[in-house]
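See the structures that follow.
Below are two complexes that have subunit A in common, paired first with subunit B and then with subunit C.
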Partner chain A sequence: MARRLERIDRPIKVLTEDIYALSSLRTMLYVAAPRLLPALLVLLIPVLAPGDYFQRVATLAAIYGLLALSWDFIALSTGLVSLGQALFFGVGAYLAGLLNLQFGLHPSLTLLLATVIGATICTALLAPCLPLRGIYFAMTTLVYPLLMARTIEATAIVGGTDGLVGVASFPGVWSERYLILIFLLAAAFSLRRLMTTDFGLVLRSISDNDQAVRASGINLTYYKLIAVWIGAALGSFAGAYFTHLYMFVGLSAFSLDLSILPIACAVVGGLGTLAGPVLGAFILVPLAEMLRDLGTLRIVAYSLLLVALVLFKPEGILSYLKRKYEQVERWVEV
Partner chain B sequence: MLPSLLVYGLINSVTLAITALGFSLTYGISRVANFAHGALYVLAGFSAWFFLNRLQLNYYLAAALAILLTSLIGAAIYRLALIRVRGMPLLEIIVTFALGTAVLETLRYFGFFGSHYSLPPMIRGSVNLLGVPVDLQRVALVVVGASLVLFLWLFTRYTRIGLAFRAMAQDEQAAMMLGIDSDFMATLSLALGSALVALAAVVVLPLSFIATESGSNILVSAIAVCILGGLESTAGVVVASLLIGYAQIVTVTYLGPHYQMIVALLAILLTLIVKPSGLFGQQKELEERV
Partner chain C sequence: MDLLVLKEVSKSFGGVEALTKVSFAVAQNEILGIIGLNGSGKSTAVNIITGFAAPDSGEVWFKGEEITGFAPHRIAGLGIARSFQTVRPFHNLPAYKNLIVPLYSSRIRKFTESGRWGDRDAVAMDLLEEVGFERDSQVPYKPASALPHGYLRRLELARCLALRPDLVITDELFSGLSSSEVGSLVPLIEKLQARGMTLIMVEHRLRELFRLANRVVVLDRGRKVTEGTPAEIVQNSTVRETYLGAEL
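Entry: the complex of A and B
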């Protein structure tokens, strides 16, 4: 007897698709819960997590989550696949360090300036490569962080191989813990919102069929530049925050891990869902910390997990959860 | 000064070409950018070292075994992993890169890093070229490199498999209609590319030591050469490695050893920005550049 798996939307899902979502408390909760609950959980981390160690892991997860979000946004909106998130991170990190050490600016100001200036620098660097697509764009972005690191190493500017030491830390422990979490939530929610506006519609269609967008008389380069700028701003903020967190910035700010781990987070969480990569970061980073005893075998375990997920479960956790939340599955006879 | 620049520039160029040929061949045939290229290079070096020192095998036998092993691994990577994500460049890159990282970090975990491991030179002694003393291993390297290019040229023109490779490279759909098994050819291309990089490892590594750290350098310089030359062209590989090879030797002589990698990285960037199809590639230009 041949059977197939049938998927049907839950009645409540259908009910909440329109203005009728406001018709009862139950429907409102159904819509709001998957958005509010995770946000509330994230905001409670600094209060609930026991000890500095767990706080630090949560902070690191948020930093990687931000990088993963930036990667996913660029990939989703323009179809450009970046292998060089470390460029955004490193530029932001070095800018924050320099602004703080050279001009003695307060961390709140360096964070702001490093985000804006860093994003502009990165966009300017990537601007000539924007017409490229696919593997060619991926390779250009792979090269940039390496080039930055080698140049700093060779010319010994901005501290050379020693890096910049003695950057100011955050004024208080609570501002340190909450800043990154709030920024992450704000970024995730506003980017999801952005993708539903007309502007987001254009961005989404660029990744689907850029020639059709171009034929509609829309300036591709303008939209791509803005998307890259937003992505780069998120990455630069993560880098600048990292510098102030560790009071140090070195060549490791351009390391390959920072380019690879965000992609892993995005793959685990679900490509193109924006919230998925953040979820992925909050799974993968603590996992990496648990495996710390294994030394470099940790990276092996990590890479193999990534390969296994890509090969056998490319859907991602968030897409899976969303499907379970919205649909019922049953076997029917054909 | 000038003779030494000429001779060592040539040697450097041949080293680049020989390490890049495998990458170029694999990409040209199956459109798979094999980011495990550098890892396979290091793996081949260490397995040759293992066969030679631990199993006390004959040098040439050890080298041949290392090449065979690496090509089998290359084929396995395609058969077991890449076949599922074929045609999705991003996933291909993630998979090969992650596998390469896994190989390199496993080697590092078992203590294979630093400058403790090296292969002895195959031939000892030196000759004078243009008044510059050059050891015979480097001469052998140039000879192997030149004969490899010649071999590939003949192979892709006068054997059935070579012709099938070229058919795949030009038009996969048409090749499949003519009865060429696309997956089998892609497996072969991965195996051949890995064998080429293993051969490069066996010939080049006696000149320095085997280190996991060199994996990413090999990958970057292979990509640099392939991109400058055009990603599917063997002639492009030769010309590009001559260009980059001499440029590297000149900058290293006048600016310092740190600049060697910067030359390769800049070559990638400038080529992709100015002419993404490279010096000799034609097919990809319309497709990839809007």
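Entry: the complex of A and C
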């Protein structure tokens, strides 16, 4: 007798979807838990982390999480696949360093300015590439970080190969620990919220079918620019934060790792889910640290784990968890 | 008064002349049919009118204003809506949410946001009902990817109507539909015309088109062969030979 796996929505999911949403404590918890629990966990990291080392790993995970979120947002909204997250990161990182060293601005101000100015610069750089699609857009974004790094190297501006040293650190350990986490949570939640509005719906439809969007009287370029600006702002913030964290910025701010790892995080966490890539970062970054003992074989083990994750859970961890949370599975005879 | 005028429009793709000095006009509240064999330049003409392709030479005028080479969104904003030959819904969105996109365009947004027409979801449901979706059923809430072909064609039409256009251009609206499905679309088109809408219909289904159209333009290998009322076209001997053949 042939069998097939049947998936049915949990009664409580059906119950909370409609007008009954707030009928009992249980349904309220069901709706709130997937949002509150991760947020609470993230906010508790600085309190619970057993030492500076763990703290630093969590901070790095948050930085990569922000880059992965930025990547996923641009891909989800406009369908543009960026291979150049390092551009956003590097521009933000160098801007923060310059603003601090040249004008003596306080980190809170450099973070803000680097985010806004960095996003604007990156958007201006990418603007000519926006009509490109698929692999062509990806190619151009791949080139930009290299172009920036080689320019800095060749012209020896902004510190050349030495980078910028002596950038101010954060005023205190708590502001350093909490700032990135709060920004990450705020970004993830507001982007998820944005995508459910009509504005977000228009953004999402661009990746689906850009011709119909144009025929519907929507200025495609304008919406793509907005999406790229938002994505670039997140990446620039991550870079600026990194500069103040290490009190240094160098050519490594444009390194290929920063372009590739966010994509890996997004794939592991779940493409197009926004929260998934953040989750992916909090899995992959600590994983890379744990494998440090393996020495040279670290990359091999890391890559194999990555391939295994993609092979066995191609939908991504968050999509998998979401399905388990919302549906029950059972075998039925056909 | 002529709503849309094409003046000697030419377009070639890498040496192949898709359109050669094609001129025609559409009068206010008229239904103009465009027929021709595959490769005769029908879709190219639609793309040029709607800004998806720029002509090599010639002019396009709409409401007494030249719109040659305008971007698609700008032309849509002026009130020209088009459907696509291959149905292109926003697959991931529920059917009614598909209409949010045109309703969010700058042409329409000012009306929906002032609340004069009610909120966008309500306007979308009204539009879907107008093109024949059953309001009280599951259908409007299904993702567009799960809709049957007939509904997708209607959804395309609704997406055009959402723009409150002055001119609707349909590119093979009837293709891939059963006779009864086409039969149910015909009264809808008639209703739109009765409401004052102007339409250009590119069609292969001549029987239904000739029922609807006031005038028909015949294209052949990028050139306009003739134009006239459906009765005249049916009588035209060259058209009968090259195109109509056995069908009529």
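By definition in this document, the second predicted complex is superposed on the first by the 324 of 334 C-alpha atoms of A that agree within 3 Å, B and C clash if a C-alpha of one lies under 4 Å from a C-alpha of the other, contacts with A are read in each partner's own complex, and residues count from 1 in each chain.
In the analysis below, contacts are C-beta pairs under 8 Å (C-beta built on N, C-alpha and C of every residue); 3 or more make two chains touch, one makes a residue touch a chain.
Fair warning: this is a prediction, and the values are worked out from it, not measured in the lab.
> Under the stated touch criterion, which partner chain does A:V249 make contact with: subunit B (first), subunit C (second), both, or neither?
In the superposition, A:V249 contacts neither subunit B nor subunit C.
> Regarding the shared-chain residue A:T296, is it in contact with subunit B (first), subunit C (second), both, or neither?
In the superposition, A:T296 touches subunit B alone.
> Classify the contacts of A:L311 with the two partner chains as first (subunit B alone), second (subunit C alone), both, or neither.
First partner only.
> Who does A:G217 touch here: subunit B (first), subunit C (second), both, or neither?
Second partner only, subunit C.
> See if subunit A has more residues touched by subunit B or by subunit C, and give me that chain.
Counting contacted residues of subunit A, the larger count belongs to B.
> Once the structures are superposed on A, label A:N209 by its partner contacts, choosing first (subunit B), second (subunit C), both or neither.
second
> Which partner chains sit in contact with A:F199 here, subunit B, subunit C, both or neither? Use first/second/both/neither.
second
> For A:C129, is the partner it touches subunit B (first), subunit C (second), both, or none of the two (neither)?
first
> On subunit A, which stretch or stretches are contacted by subunit B in one complex as well as by subunit C in the other?
211, 214, 220
> Give the list of subunit A residues in touch with subunit B in this complex.
Per the touch definition, subunit A meets subunit B at residues 81, 83, 128-129, 131-136, 138-140, 143-144, 146-147, 150-151, 153-154, 210-211, 214, 220, 256, 260, 263, 267, 295-297, 299-300, 303-304, 306-307, 310-311, 314.
> So in the complex, the part of subunit C that touches subunit A is made up of which residues?
50, 52, 71-73, 76-77, 81-82, 84, 88-93, 97-98, 100-108, 120, 159, 162-163
> Can you tell me which positions in subunit B touch subunit A when the two form their complex?
For this pair, the touching residues of subunit B are 33, 81, 84-85, 89-91, 93-95, 97-99, 101-102, 105-106, 108-109, 216, 220, 223, 227, 255-256, 258-259, 261-262, 265-266, 268-269, 272-273, 276, 284, 288-290.
> Once bound in the complex, which stretches of subunit A touch subunit C?
Residues 198-199, 201-202, 204-205, 208-209, 211-220 of subunit A touch subunit C in their complex.
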